[in-house]
Amino acid sequence: MDKFIGFESTYEEAQLVLFGIPYDGTTSFRPGTRFGPAAVRQDSFGIETYSPYFDQDLEDYKLCDLGDIELTFGNAARVMDTIEAFARPVAEAGKKIFSIGGEHLVTYPVFKAVFEKYPDLAIVHLDAHTDLREDYMGEKLSHASVIKRIWDHVGDASIYQFGIRSGLKEEFEWAKSHTYLEKFTANTLPEIVKQIGQRPVYLTVDLDVLDPSIFSGTGTPEPGGLTFNALIEALKAMKGLNIVAADAVELAPHYDHSGVSTAVACKLVREMTLLML
Amino acid sequence: MDKFIGFESTYEEAQLVLFGIPYDGTTSFRPGTRFGPAAVRQDSFGIETYSPYFDQDLEDYKLCDLGDIELTFGNAARVMDTIEAFARPVAEAGKKIFSIGGEHLVTYPVFKAVFEKYPDLAIVHLDAHTDLREDYMGEKLSHASVIKRIWDHVGDASIYQFGIRSGLKEEFEWAKSHTYLEKFTANTLPEIVKQIGQRPVYLTVDLDVLDPSIFSGTGTPEPGGLTFNALIEALKAMKGLNIVAADAVELAPHYDHSGVSTAVACKLVREMTLLML
Amino acid sequence: MDKFIGFESTYEEAQLVLFGIPYDGTTSFRPGTRFGPAAVRQDSFGIETYSPYFDQDLEDYKLCDLGDIELTFGNAARVMDTIEAFARPVAEAGKKIFSIGGEHLVTYPVFKAVFEKYPDLAIVHLDAHTDLREDYMGEKLSHASVIKRIWDHVGDASIYQFGIRSGLKEEFEWAKSHTYLEKFTANTLPEIVKQIGQRPVYLTVDLDVLDPSIFSGTGTPEPGGLTFNALIEALKAMKGLNIVAADAVELAPHYDHSGVSTAVACKLVREMTLLML
Amino acid sequence: MDKFIGFESTYEEAQLVLFGIPYDGTTSFRPGTRFGPAAVRQDSFGIETYSPYFDQDLEDYKLCDLGDIELTFGNAARVMDTIEAFARPVAEAGKKIFSIGGEHLVTYPVFKAVFEKYPDLAIVHLDAHTDLREDYMGEKLSHASVIKRIWDHVGDASIYQFGIRSGLKEEFEWAKSHTYLEKFTANTLPEIVKQIGQRPVYLTVDLDVLDPSIFSGTGTPEPGGLTFNALIEALKAMKGLNIVAADAVELAPHYDHSGVSTAVACKLVREMTLLML
Amino acid sequence: MDKFIGFESTYEEAQLVLFGIPYDGTTSFRPGTRFGPAAVRQDSFGIETYSPYFDQDLEDYKLCDLGDIELTFGNAARVMDTIEAFARPVAEAGKKIFSIGGEHLVTYPVFKAVFEKYPDLAIVHLDAHTDLREDYMGEKLSHASVIKRIWDHVGDASIYQFGIRSGLKEEFEWAKSHTYLEKFTANTLPEIVKQIGQRPVYLTVDLDVLDPSIFSGTGTPEPGGLTFNALIEALKAMKGLNIVAADAVELAPHYDHSGVSTAVACKLVREMTLLML
Amino acid sequence: MDKFIGFESTYEEAQLVLFGIPYDGTTSFRPGTRFGPAAVRQDSFGIETYSPYFDQDLEDYKLCDLGDIELTFGNAARVMDTIEAFARPVAEAGKKIFSIGGEHLVTYPVFKAVFEKYPDLAIVHLDAHTDLREDYMGEKLSHASVIKRIWDHVGDASIYQFGIRSGLKEEFEWAKSHTYLEKFTANTLPEIVKQIGQRPVYLTVDLDVLDPSIFSGTGTPEPGGLTFNALIEALKAMKGLNIVAADAVELAPHYDHSGVSTAVACKLVREMTLLML
């Protein structure tokens, strides 16, 4: 299958543009998120285009799937540049962006492209992990540092983290004065949504924010996460936000023998897309 | 193992008769429910005959396991006839029927046999999917059309659907005037039970009504479903009903690497059987 | 991936046309060959276009991949008609045909389309199974009867079977007077090639002719088969033949956890295609 | 990896001593818990030493990992003696003990060593199963009898069971007058904690007390269990108890294809250890 | 399925009696052969009753399948007694015996029952391992000692070993003066057959004698083994022998994800049975 | 397990030093060889220290296992430096080196360290792939270029390649004038051994030179390779060579569900080590 279901418009006419970023080159534990975008596209044909959650249908919008960015492995800095160069014209054209990872580091270059267009950008971050390390064994470009890298650009009072349940003690300490961080759950999202108001938003969902009971297909599963319904509620709470770009990352299909994690990712791509429209 | 645990009576003495229907011939996505009945029988020896939910024991009843119906593939209409012919004498003899699928289409011929005996039959349907298509790519005998086929016989005000969370927009629309449909959950079952009163009931449980966190072993997993405990509560709510036939369908063991889905199916066969007695 | 590697020409310019037939609707034991064509296309990007066996390169020919035929399940007769209708214009146009199964029954409708064009057609059949049953539990359209169905058209002295090691005693008996059948191996192929001479040939390879050590990904594995190298030798022996159509069937990716069987199928598609050019 | 993460002290300086008991020699259904301790150690490097639940860090304590006890199979009685002899000096030295199973029977010999030191020992038991059989097909040393064997020593009013949802009717009956047993959940733990007061406690967690949605990697999965968060709450409720020994048993990695169950076990070893400190 | 295909006679009329011995209680590495007999019975329905190797058909003989012996775990000595007691009356009645393991130790008690009837018994042993240890970590009843245990009864000049490629240096040394041992292959079997002449023979095949390319489903795979065809040749070489009992042991279905090993075992049960008739 | 079986000497006393290089950072298709060294160490306890092929025992030599080099991902050039720095003192000390990959690129930095010590070094290379690309999509440090990188140092008449069966047409062409390349097999190794004479040798075995029937656990399986016995013969043919360093690379345990590939790798580490002593 060469397009996500319902994404049949041309780039020119599209309101929202989707692409895959098959990169897992800094993953330290179990690699394989490079296979995420292809798996999501293929199994998207097992779901419907209609969402009973939002009562919206993908077929009622202009949506374009550009396929995957071609990337090599072995040199993360060069890969970051390639991704950013791919995303920049889409952001500049004022089209909404949805990208599918790949590991979480791929958020960084897309963020940079979007931030150039929207300097007032706020970040909503759902994840099991803080991702706030300054570096990982000396590497500053790492999946474990991606939110810290983004903070380097946006600074304090712009990053909102939910569902976090794993990290170094120092990361949790650092977050207290630099980001908004809700441990374990996303219950305070409705208040944060009000606070964000009409600032443009980049929504990044590391799918491991979900409990591994429903999302086992990821490199570093962390029990104690959100149920699928809790994540749907979180999305609904964001319905009024001005989300200009979003991503869903860290699906590793090789740890998803039953196909359930891929089905979850497919549905979330549908729901997150509809949320943005 | 050639019998489900605790099913050791002869056909003649049995109050309730169980059989498997190993058919998945119209499955459009991932086949394999043909292996469901054998898996359930074999792993039933890993559970106890005693239910701490109903405080009842299978060993206190007269229960018979007739094994599996022998079926071929390639001609759905002929298969439907074979199943109906198998079920009819059991229904006519006034014995309760429990069948294990197989795909959901196998409900249709058993329903027909039971409906002949009980023309006032009501249908309680737990499922992730509406199953209300008029046809699937031209085929009227399809797992995606089974409830619509049943509606052809019973008409309006006889079908009660719970847990539904996937379908075409048109199916949800159609349901509004022809069936009772609760989206996502089964919270209104207690009220419906009162409404049904003493009408004879066919209870059909597509096991994918469960959340795939606890039931991954199925062809089309749909996140956002019932927990195991929620399904147990639904069964308890039905305790007063006059259930004359029931089935549990859509277990596909090949997607159940850990054996958990099969264990779930085994327990539900036990609980659903005890509910009927 | 939407094309087999190296198959980048248009239909109009193509010498050879490839398509997938994702059908397993009469499979009696373990289904799943419906996923064969998609798996072969996707993993074809893991092989090279150059064959060190034939010292030929796919890139030097005009090859077209038409994708998969859209099929439903539940009615084998109708499916046969759809496939035949798809293949007929390709055969009539004098283009060579390569199809990827799917179960072995899909050979039958393609054969019919080709036979119409070449009434003098000979069949070279590599398989673990005789496939010579008159019917399978009453169904004449069955994977276990496909060569018998072809014999209904071509009659004696036109079918050459190799590698056969499983069947009813009656099938082996029947073959003695109606087909040429070499048990276990394909050692006599060079002589048969001479005998066939310039008759047009349909080459059908049930991939389970290979030993399951190298090809486990199939519904009914039969130990004692050809090694990969023996099959390559068999292909080389056929280099002079006038092969007008060929197929490779019975890859079931769900039983191929390591991906080796799919890699084997990819290479054989490459080698069989180059053999025909 | 030869040590559980953060367990880097010598035996002499350690407050708490951890060891693995790779034994599954009486498992009647699906064996494989012998691989539990090695899997937990290896994947412990995927978690952090800091717990956001207890706001404690393993690195702030003196913890020692003695590795696995060397055991053979074929003679359960001899194995029990070997384990008890291994555990006794640790208990006598007044060090806290944490052991990782293996099947549940391995709790018995460690209990015996600890009971010698603390004759007033109370047992807190979280499990899906009663484990109260007098024997299993004639064998008194069985995973299905382990709590009954412990009762032989401590008698009534010393055993507290939670989460139980499977057993013979007789076992549930017997428990009514000999142990405290809460079916399905652990909601009454806070009250029981008060009742236990300062008695020394042996805490034994059969990991199958968890719902198989989050813990599929076990021999006999029982749906309807505790969520991960519910188990964390239960641990928090025990924070004041004087736990002198604890274990986590019945992880069978072969049924944990995604690694989620092993990740759960790793986290519980961390949380249970921190609870004891 | 409750009988191996083609085994449909009563015990009384049977020439040959088959039973399963689902025991793996002394397995030191990867357990799971307890599931072997059930897997073989179930998948036997995927093969034919006719052998093209021997041109014989199971349906032409009187064959009985007694099912599996019921066994517990935890006490190997008691299990040995149970098996021997089961096998003795069959041996005494002069019926041929075929047993399916289970681990290799299960050969010992059946051997004892047969040896009582035939004191002149010779042993033909195909295996990857010597199995000649005096004990395994102190246990004399061990899968690694089974041939040594048999030697305790039959002494020198009665044991013929083939395909051996793993063991302690001491075992290979000891074999030089006490058994006949061919390393790696079974090429000298024809000569040995002549030497054995009309002595009654117990044929024991540890299926890991096969190369793991064709038989991965076993606890301790050893590359460099026999191909399936080489094993068939070995069986053909034994056609004249007076085989009074035989077994096929060490299939562990959990390591056989594709089902190929089980298919191999099924065929070997068919071929070995036909060899004895 | 923290040491390969039989590797129990200190670094100081060791004749031969083993270490793991868990790197797969440039793998373009299926990653996972980073898990190779740990898998080999752990399963090495399932094999014996005695080789019936060479009639040698690991326990008779001074062998040291240094564990794995700690590496990050994301910057291949830096990783190469780390590996080279690790290997250099071992080479300088005149100890023999055996390394376990990881992907094939890890051969390059070890080669560099060894080449510094032995400027007359010859390379014996067994592999399915040519590995002679100048670069892979612009990256010169790639698993697909590793032999070309080595050629940059040693030039013509120093590289001997065997078993090669996949590559670009250009690579095969280039090899004709720059390396010795035997397609498909290693039959000419005995002659090459004579030709090499007493030159110091680096032996690099990409385990995918084996046929995937016996070695499926690798990223890019290529059918038509060496049997295990053919590889053993190749090793025997090299017995007289002065091998100063060797490696076995490209085991990816995640594609080795049965454990057979890991068992093969363990045995080859044993045999290759004994060959060097």
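We call the chains A, B, C, D, E and F, going by the order they appear; numbering starts again at 1 in every chain.
One rule holds in what follows: a residue touches a chain if its C-beta (ideal position, glycine included) is under 8 Å from a C-beta of that chain, and two chains touch if they have at least 3 such contacts.
None of these values were measured; they are calculated from a predicted model.
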{"item": "Chains contacting each of subunit A and subunit B, listed by label", "value": "C, D"}
{"item": "Common touching chains of subunit F and subunit A", "value": "C, D"}
{"item": "Between A-C and C-E, the pair with more C-beta contacts", "value": "C-E"}
{"item": "Equivalent interface to A-B, taken from A-D, D-E or A-F so that over half of the residue contact pairs match", "value": "A-D"}
{"item": "Equivalent interface positions on subunit A and subunit D, same or different at half", "value": "different"}
{"item": "Inter-chain centre distance, subunit E versus subunit F - centres from mean C-alpha coordinates, in Å", "value": "38"}
{"item": "Distance between the centres, which are taken as Cα means, of subunit F and subunit D, whole angstrom", "value": "43"}
{"item": "Shared-contact residues (touching 2 or more other chains) in subunit A", "value": "211, 213-214, 257"}
{"item": "Interchain contacts (touch definition) - all pairs", "value": "A-B, A-C, A-D, A-F, B-C, B-D, B-E, C-E, C-F, D-E, D-F, E-F"}
{"item": "Subunit E residues touching subunit C - in the complex, by the definition given at the top", "value": "46-48, 50, 52, 57, 211, 213-214, 228-229, 232, 257-260, 263-264, 267"}
{"item": "Residue ranges of subunit D touching subunit E (in the complex, touch as defined)", "value": "24-28, 31-32, 34, 70, 72-77, 136-139, 141-142, 254"}
{"item": "Residues of subunit D defined as touching subunit F within the complex", "value": "1-2, 38, 42"}
{"item": "For the subunit C and subunit E complex, residues of the former touching the latter", "value": "29-30, 164-169, 172, 183-184, 211-214, 216-217, 220-224, 255-257"}
